[in-house]
Every structure is written in C-alpha cells, then in structure tokens.
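So the structure is just underneath, and the comments pick up after that.
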C-alpha cells in the first residue's frame, strides 16, 4: 500500500470498491501530465436544502470524492502517482432557495487537503443545478497532475 | 477528404455547415497540444423529460456533436489532426424529475467512439440544468488533443 | 504598473480589492503553463430574467471578470504574465424562461477582448442554472495560459 493509502487509513477511511462508468466513456483519461477524471455522483439522493441538510450534503461530497479516488486508482494503479489536484468542479442539486453550494463542496475540498496536504489544494467551482443523474445530491469531477 | 471524414461518410453522416459563434468568442482555442472547443447547443429545443423524450434527446446530443466537429474542422482544417478526445461536458435541460442525463449524453459519446475508435473514448460529465441558451435541450463542449 | 493594468486604466477601470476564497481552496492553481482560475460569483444577486434584466446581468458578468483578474494578479503578481485566455465558463442563474445566457456572458467576453486584444479571445460556454452561491446572478471561471 502506498503513502496516500496509508494516510487514508490513518484518517479512518479506505477506498470503496471501484464502480465502472455506466456508459461508453472512461472513468479517467490521461492527457500528457494531466488526468481528466469523469464526473461521478454521490450515493446520496435528493435536493440539498429540502431532502438533505448541509451536513448530509457535505458527507455526500466527501464520499463522492472517495469514489473518484477509487476510479483514479483503478486507472493509474497507485495514488502516489498523483502530483497535485489542479481543479475540482462540484455540482449541487439545489432546492430553489439553497445557496450554500461552496459549503457543500468543502466536504470534498477539505478531504483532499487532509489527504494530500498542500498538493491537495486546488482551484474550484461550486455550482447549483436543478437535477443530477439518478437524482443524486452532488456531482464531482476533477483534473489531476501526475508525476512523470 | 481525410480518414475521419471518410469514416463519417461510411456511418451515413456528413459534417453540417459551419455555424459561427454568436458572440465575441472563438469556436475553438488551441492551447499547446489541447484544443478547447466552445459549448454549442443542440438545434432541438425544450426540456428533456417533458418536451422531448429520451430518444429525441439522444439524437439532439449526436447532432450537437456533429456541429462541434464542423467547428473543429473550420478551426484546424482537418479532423485527422485530432489525436484523441480528452473530455466532454454535457448539459441537459431537464424537466424537474428527469434524471437520465448520462443516457442523453451517450448520444454524443457513442458517436465519438464509433467515429474515432479507442481514441474517441473520453472522460465525461453529464449534468442537468433548468435552462440553456435559446431554450435548447442539450449543450456540449469538449477538450481534444491534437497531433503535434 | 504593467501594460495590462495601464490598458485597464485607459478603459476607465481598475482592479477591485482582492477577495480571498471563502473556503479551503485556491483562487488559482498553476499547472504547467496553464492557470486554472476558480469560479467566482458576481456581487449582483438574483435570477436573471426576473430579478435582473439583461443589461444588469451583463454588468454583473463584467464586474465578476474584474474580480477574477484581481485574484489572478494576487496569485501571479503581474497581469502581463498572461499570454492568452484559453477558456471561460459562465453560469447564469436563470429565471425559468430566460434563454439569453450567451448575451449575459458577453459582458465578460467583450471585456477580455477589449483588455487583451486578440489574446483575450477564448473558447467559452454559457449555461443556465437554477441557483448559485449566495444567490448570485452570474458565476465565472477561466483557464489562462501564462508566459514561460
């Protein structure tokens, strides 16, 4: 087990089982030193601000980021090959008056910084939407830089 | 005609006429080996799940991808210069209870794989939104890698 | 003061005070020659097409782009280090029947071209959403290329 997975274990977490993409696309695509990681929705369903409250949505974002990392491990074999996290996009299925999308996506961002330290600090956008695949609460995608 | 356009013809398709961007931006911008392709909406209008059903929305996504390729050809001159498709973002104008955004964007993803083979397999995110430019059903953007 | 800030002054504008990100992420992340600039919302609040009209939304987009440039300056020290603007993503909080998202984001795109000339011309996507952080009207993010 590599350093990043050791650190995950210290944090009381483990990579969930890998789930394959549901259609004719890749979980990740390498492009030079960048790795484009496909969007993945949270297990948690519902609109944030009505069906889910903020803490539940933050947990959903953290869990979805663990799912993304499981996909990355399946794709590149070893999370220690990640040099840094460049960009995260978070979409939050939002009840009409819910405006705390950044606080929701903090569930993922804080987790990345806890796991990778300074290399986990990233550019980010958190956006509200009316609906997501399977009625999920949160959707995350990211761009990583790999060691070469 | 290049190999990619030959393959399009075999598939019974042809590039549509090029439509220029509607404002002060570019259809594509080259950035090193990457080509950022601007978002383009489908000709088909309406919310998916109420005004359009799933098959109609999949057709809209396929057609919008053909429009994107016409823009790319106008920009780089020859589709054979495409090394691979790195990332596709699809936005689906979604009725409140419509949650099959991935199935809609498959209309574009399946088409890319049919056209480019393995090089057409890409990272992808499919997201629901409440509204799109001109009331369109689907919006697509992508990032390509060009041969150098 | 560098050339880009001189030009801003000629245009009757100045960089607003820098506002730090509201959470555990970076305003910008450098990745090779690219700079990923985090999403930032407009000061203007409300749904475009109901609370705000088109001219007010265009102003909101222009102002949000000035805020992005203030963040970039804080990150890289000198706007003259920008080689070109590669990609802009604009999200517009849209009333249910509002479909002029491209015209709204023109407020940012026209400004970039006025400021940077040809180098400011970019790939772009303008998308409608039902809600944004803090109830803002517009959200912008971008990818820049830096001189090396």
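Note that the chains take the letters A, B and C in the order they are written out, and that residue 1 is the start of every chain.
By definition in this document, contacts are C-beta pairs under 8 Å (C-beta built on N, C-alpha and C of every residue); 3 or more make two chains touch, one makes a residue touch a chain.
Fair warning: this is a prediction, and the values are worked out from it, not measured in the lab.
*Asks:* Fit subunit A onto subunit C over the CA trace and report the rotation angle, somewhere between 0 and 180 degrees, nearest 5.
*Replies:* Rotation angle between the two copies comes out at 120 degrees.
*Asks:* Over half shared or under half: which fits the residue numbers at the contact of copies subunit B and subunit C, same or different?
*Replies:* Different, since most residue numbers here occur in only one copy.
*Asks:* Provide the C-alpha centroid distance between subunit B and subunit C, rounded to the nearest whole angstrom.
*Replies:* The computed centroid separation for subunit B versus subunit C comes out at 24 Å.
*Asks:* Would you mind listing the residues of subunit C that make contact with two or more other chains?
*Replies:* Each of 129-130 in subunit C touches at least two other chains.
*Asks:* Enumerate the contact residues on subunit B facing subunit C in the complex.
*Replies:* It comes out as residues 21-29, 31-32, 36-39, 89, 91, 93, 129-135, 139, 141.
*Asks:* Inside the complex, what are the residues of subunit C that reach subunit B?
*Replies:* Where subunit C meets subunit B, its residues are 33-34, 84, 86-88, 94, 96-103, 105-106, 109-110, 113, 121-130, 143, 145.
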